[in-house]
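Structures for review follow.
Both complexes shown next keep chain A, but they swap its partner, so chain B is in the first and chain C is in the second.
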Partner chain A sequence: MTLDRTRPLFVRLLLLAFMVLVPPVGLLTYDALGEFSKGLVPELDKKAETVGRDLAASIERAVGYGIPVDHLVGMDEFFTPVLRSNPEIRYLAVTNRDGRILYLTGARREVLEPFYAVADFDDDAERVRKSNLGDFVDLAQPISGKNGRVGHLHVGIDDGFVRGRLMEIVIDIAVVTLGALLVAVEILLFVVLVNVIGPMREVGMVIDRVRRGDFSHVSGSGSDDEVGHFVSGFNAALRYCDDLFRRLEDYIDEVKAAHFDKSVVERVGEIEARVRFLFRFSRQGQPDVITERQAADIRLPLFLFVFAEEMSRSFIPLYIRDLSVPIPGLSPDLVMALPIALFMLLIAVVSPSAALAASRLGSRRIFLMGLVPATMGFVLSAWAYSVYDFMLWRGITAIGYAMVTMACQSYIAQISKQERRAQGLGVYVGAVLTASICGTGIGGVLAERVGYRPTFVVAAVLAVIAGMLIYRLLDTPQVSEQRSSPHLRQYLGLLRNWRFSALILFAAIPSKIALTGAFFFLLPLTLMLDTAVDLGDVARIMMIYPIVVVTLSPLAARLADRTGWKAGLVALGGVIGGMALVTPLIENSPQMLALGVVLLGVSHGLSASPQLAMIPDVCWTECRNIGQTNVLAFLRFAERLGSFIGPLLAAAFLPFFGYYDSIVAVGAISLGLSLIFVVLSFAYGSGPHIEAELME
Partner chain B sequence: MRQDGQTSLAAGFLGLPSARSVRGSLARKVSLALVSILVFTLLLAAFFAYYKFESVYSSLVQSRYSFVVFTVKKKVEDSLNLGLALRQLRQVQEIIEREKARDSQILSIQVYDAQGEVLFDTDRGAIGTFVGSGLVDAAKASSAQSFGATDDDMLIVGLPLVNTLGKVEGGILLRYPQAYVEHGVGGLLIQLSRTTAELLAVFSVLAVAGLYILFGRVSRKLGSMERTLGTVLSEGGQAVPEAGGDPFEERFAEFVTKSREATDHIREATEEIGRLDRLA
Partner chain C sequence: MKGALLRLAILGLAVVMLAGNAVAAEPAAKPYRIYMALWRGWEDAAQGFKDYFINQNIPVELIIRDAAQDKDKLKEFIAEAKQLKVDLVFTWGTTVTEEMLGRWDASDPQSYIRDIPAVFAIVSQPVGGVVPSLESSGRNITGTTYLVPMETQVNLIQSYRHITRLGVVYNPLERNSRVAIDELSAIGARSGFEVASAAVEVVDGKPLAASIAGKVAGLKAAGIDFLYIPPDTFLNVSRDILTGAALEQGIPSFAVGENAVVTSKAMFGGVYRYYTVGQLTAYKAEQILVHKIKPEAIPIDAPKRLSILINMPVVRHLKLYPPMKLLELAEIIDPAEGKRP
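Here is the complex of A and B:
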């Protein structure tokens, strides 16, 4: 186990976490399911008995009027509404004394007949008989006429009803377990990096210097555990060497200054030169302290913050619908889309200023400043009165979100050396996507149980915890050297590069339109049209997207690097994304929408990394002129315009097409634009493009 | 890591400042994190399981009672459809009393008119009183669907009474004790609490043991390296990584050697200067 590398220790720790977390949850679930089944079945029986008793009484009344039980009419019409309003009851049947089926609604005769034919219904005349018939539980209620028993009314409970409810629990708990495991990964990664790997990396850096004879640094880590003890001993050894050298240096100075024999002074000078040649010590009078900051320092707070924001992902449109009030001149659908569009617009507008502020004032300060509006936004969203004030609170949250995310990106950019920038951004993207999986899943399930408003409060609490972590972890302000930001003209000049413009117009923007218009806005509303779908289901379907993206992204990045087929992957991703949204053309069902979500995840998983990786080649000159970070920031800004347009476009389609077809319409636009990119991608070529420079 | 030469060296002999004492071990820190995650996960899982059960169970109980209300509603509406006024349907009192008698959990069944005046009630003393305006509004709003409400420690399920013209003539309310649902789900809550506590105890111990084993290795390795460093610096010898030692240990061994080399060299230089100083 190498102490200064994350993987060996972390993998062992993760295995342990898996062994400690998954089995107890599995056992708890198993136990809960047993109890659940035990509690639910008697209540189902009671209900079936109540229903059976009432129906049997009605039939007895008819029989009492002298109508033979096998001559009753309209029994199907009598049974159908009862079955419709009681989904756990699968069939209703009437048999005569011999067990022959006279009337049956909800099941096939051949399933029940063999059983009824051999059953002895004469036994225990007044008792309700319960029997298991394959997938059904049959409760037989005696029907009596003036001359005694005339037959039985059978109420068939769907055995799958209990199984279905049990499965819902299993899925809920599976989501919780997945979320808990991801949270465990984040927390353990953080604990290991901060307590072991980080300090040992610093020690490793000092060791490498010492191996070259450089004793000028000590490690800056300090903690009260074994690592801290080791680092303290390690530093003590270095300080001891440094102290010996200082004493030697003092002695040499003393001899040089006071000795009258020139040859001795000369000889001492030679010794001094030899020592200085072989070993290097700090010129400050004591060893300098090495403190290595890492991108991972900010990972856990970022994870918690994005987790908080993503908790409302699955229900925001539903919450807005509940708060919706008419706004003169705007359709109700557009009113529902406005808070989402405004949120995206504000992120786009505030992000550049937030990035600039982070580089000037320090990431820590901007993170903490951003948390104030974000937390306020979460809290006030919980107490929103109407869509008007909700828009305001979401706007405030968006400002905070932009500040926090930009502070994190700025921190990573500052501390990552050029060659490790991608690794640093990987930390950012990893934290965001993992938080997205957990936040969407747990937030949706939580909102289903406790409601939308308390879920916002939980989000606010998480944001505060993120702030506390940042406050403790980043104790010094990180301020980068002041660099002048490019002018607007230089940014707009980027659009003269047709490859860049095409990438924005036909790849980045359509992808965001699909994401915010169809996925964020339309999907929850459309799924909830199905009465069998609840909020937990919406959340579970929505969390498929980040799971697919997080799985595919690294593979796509590797494929893009290996093959250089970046434009091709972006084009392919775009087409798949467009096709994802036209799946309702096959069938208007939640299953098709779920398939669409998978495909959308595949689309963005394939295209997101290659899209960024294309920039240094496509904008080779511009990256040299205004910096790659600024080019990427402009790309982000431009694609966020797509995020803004998406919900509004979707809302504009709603009155004309309805929910399912609006998704198709958004998909058609996205697909059309992506197909243009497919054609253009053949002209992208490979390697850096320097036309712009030549033109200048 | 082992060292050649003498062992067992106290840093103090060398003049090194003593290393900071270990107050919170790594295993303890990570145990705290992992056990917290375990607590959080189990509580959340138990919470979701309980609330799912509670929601399914209570909706099942409610749907059973709403069927009872539906039965009464059908009978009352059949009479209304004959053109009789709700107030005149004397047989309703008998119907609701019969339904109440069938189920001991039913606390009361009330039939009220469009203004909310109770016309029939299983508790005959309540006839002539008025139901809350919220319940009257709920009946008017739901028209065909059953509605639910709570009243102190009672749960209410109701249905509107609608005449042939679709006008809401009043409503039927059935009250049943909340304690019935609480009793039904209480068993699961106790069982879940007990199981959660047991699992938490067992797996916390496992987590802590696993972490002490895992970080024990780290601690031993660090302790060994630290001892080697002290020994080599004070008494000489060489740091030799153990067989199969990792690259970090190899680098550390070089560090130890280099540090020893530096101290030796500086000492020799100091002694040499001292000799020159004394000679002159």
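Here is the complex of A and C:
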């Protein structure tokens, strides 16, 4: 697949935005963090002191009842809940007057004993003593009995806690900045394309015509800025030429009709013929307006819409778990997977008819119509009552999603001429992937700060903005000539091509099973098992996937084009994808899962473009018969079945294997299928395959 | 006898004052007339019952009668309550309740109070006694239980100290104790401890208080690590002897009733305070009198809040200190510190 035309501009704008946005944000962050840590440390001290005072008071009460301080019972059970609810407190300890440790929870005795042994706890001052013990800050609170001091209560604050908190904030800011950067670039790109590049390309086309003596077209009317002034000035010049020509024509007609000297009439006729031969002018009496549509026109609305949908990516399974009510006869895991599976199924089922509708009724209309159920779905998801109605709302969203994405694809397909279709598709994939990065990251941060439900509301607002853009921008309905769509029989005929079937069964479907089953569904749930992982971390880890895909994908496309080693790349990608999910075998940890996400990104980055690029070769005959677009659409449909199966499969594994091992199990299936493809890929050969025709 | 009369007179005076207050607060409303039949004089449950009406500003006229542990008086009470045509009868304790309201399967219902609605309190085993089930009495009465569920009691004991053998001294003449021992044994079989029980000696049909100390010593020899004091009138009366013996033997004791902990030497108890039970009983009376809910529609239950009582002097003597978490939750009884809740 060729890169999309706007990519170099995108990269340049990204660099520009990076230079403009990142240094000030970096400086601000640096300053703010300084302030923050200055404020955070005393806050932590204060909190630890309060906790210490409460605990010391309880112990003093016990001592006051005549319990000797070295005979207190159940101190571990007493301390543990306090440690659990205050993550910044690492240990709690009680020492006697000599500094000997009587009770200690949360740290090893050997670590603290040397410090306490040398510390002088003998002075009877009624104050908290703060000291640094290695990685801890130790706050010692005096404990007094009836006969004076009996010992100290120690609250140990983790020195790394502040660092950890600050790091978390830095990462949050980085994620939001990256999101803001991409959004800014999308908007810049849009503005530049619509206001500068678009008009300039039109002017360029008109000049090109003029160079060949064609004055029949002028550029579309410009906006009220320098570009617009230039365009209208240029158009005025053309119109003046056109006007001069009409006047000349009138004069010639006048001469031809009224001149007495036949030779002059003849001569004038020759001149007219000569002029008409050298120059072309519009026949309508004035120049036609040329309008050149670009695939990039739809980029921003599409970006915003996918952004909206991706916002819930990191927390959908968690949200479902919160809403979950037992459904009789179904395991709770299956209930959690159902909304995700249903979403995928509906997209698969609705997409073909949405594509058909878009080509009949126009992309704009289908985009706007699709936004209605999508927005409703977002809003109602925010107010979901139980998993039942949530499934319904997600279903509605899926229908809208299918309509909007199909409308965009159909728009791009219609305006890109055949040879530029791949570029147009690049615009689509680019917008979807950048939206996926921003949506996942910003959605996760947002959900962590304001909650799941408000995030859905924000998604609905974004969808509405996308609709407003479409409403204003694509003002003419796009209706293309009716193309006959192939019959089901022809589609099924595709499956008789073993290369195509193998590509679907052993490459496309396994990769989708891995994506929706393990990545979309199991990953957030599994990550949240670790108490140290919060929603923001989940979103950040999930964000890695589109980032890797977006970086690798163009490289893989170039590699595939240059080497022709498409089946090989698909096979390699598949194997890496399967391996990505068995990483928990090494260790059940969030780190391994993050590594898995990176590998999954590598896998899909490597295989996605070559997979599509293989189609014209693998289905050479079929592409001639039913059209490449339809073959691709069928591939999409088939792989979406994988998306549907994925979550259900994962849910089926859950009761038997638990979270980590279910990921491994899904990975094993995906890996097994991919290995079959590896074997088959050697038989693919290269270049077009036409033997399918012989079988007909 | 004179003492009892004097007490009755004072109580009567209190009632008049109370009624006066209530009437002053709500001059228009005619006070509800409640006949309170008590077994051992005015105590916390009765006080809680009365205070509820004062706090809720419900006008009541309390007709207070104390049987002073004399069963024969209860017949007179029945006649008097019927004759006064009171609005509600309150009965205190198992004996008063069973004698005045009759067992749920009594063959001669007309000899008990049947037409007047009644509420009972401090009945240790109402089910199978005055009512067939806790959900509904099936007749014109309702009430409260005051015993902490056995499972909760055992959990409490085990949160204090791991037990392998739990000792019980009991009065073989009281059904309650037997029931408690059976329940304990069943729970013990599940959670890994056994129950060693010893019945006090009975002479002339009466339990012998003097035999208690010997029984405790016997259980100590059998290796018990906690003594369980069941709800039992006889043991309640002889609580000083029982808890004293346990203390002498160095055995920690857990009591189901508050008296053994608060006014004697049991170490530890998990109870519903009588005062709270009295308030809950008054709430049920309010449901009947003010909100006109049929008594059979009001389930019989216990207060929500459990009181953990720890007798600190006993703890100090035994040097068996409570875990910090339990100490945080408990009400501490420590006369030396002036703590007597």
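Note that the second predicted complex is superposed on the first by the 571 of 696 C-alpha atoms of A that agree within 3 Å, B and C clash if a C-alpha of one lies under 4 Å from a C-alpha of the other, contacts with A are read in each partner's own complex, and residues count from 1 in each chain.
The rule is simple: a contact is a pair of C-beta atoms (placed from the backbone, for glycine too) under 8 Å apart; a residue touches a chain by one contact, two chains touch by 3 or more.
For clarity, every value in this text was computed on a predicted model and none was experimentally measured.
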Does chain B (first) or chain C (second) touch A:550, or do both, or does neither? neither
Give one of first, second, both or neither to describe whether A:229 is in contact with chain B, with chain C, with both, or with none. first
Partner chain(s) touched by A:358 [first = chain B, second = chain C, both, neither]: neither
For A:371, decide between first (touching chain B), second (touching chain C), both and neither. neither
By the touch definition at the top of the document, which applies to A:187: first (chain B), second (chain C), both, or neither? first
Chain B versus chain C as contact partner of A:619, first or second or both or neither: neither
Mind telling me which of the two, chain B or chain C, contacts the most residues of chain A? B
Check chain A for residues that touch chain B in one structure and chain C in the other, and list them. none
Sort out for me which residues of chain C touch chain A in the complex. 312, 315-316, 319, 321-328, 332, 334, 337
For chain A, which residues are in contact with chain C within the complex? 58-59, 61-62, 64-67, 71-75, 77-78
In the complex, chain B touches chain A at residues 11, 14-26, 28-30, 33-34, 37-38, 40-42, 44-53, 55-57, 60-61, 63-64, 67-68, 70-71, 102-103, 184-185, 187-188, 191-192, 195-196, 199-200, 202-203, 206-207, 210-211, 214-215, 217-219, 221-223, 225-226, 229-230, 233, 246-248, 251-252, 254-255, 258-259, 262-263, 265-267, 269-270, 272-274, 276-277, 279-280
Touch list for chain A against partner chain B, complex: 1-5, 9, 12-13, 16-17, 19-21, 23-25, 27-29, 31-32, 35-36, 38-40, 43-44, 46-47, 50-51, 53-54, 85-86, 88, 165, 168-169, 172-173, 176-177, 180, 183-184, 187-188, 191-192, 195-196, 200, 204, 207-208, 210-211, 213, 215, 222-230, 232-234, 236-241, 244-245, 247-248, 251-252, 255, 259-261, 264, 267-268, 271-272, 274-275, 278-279, 442, 445, 449
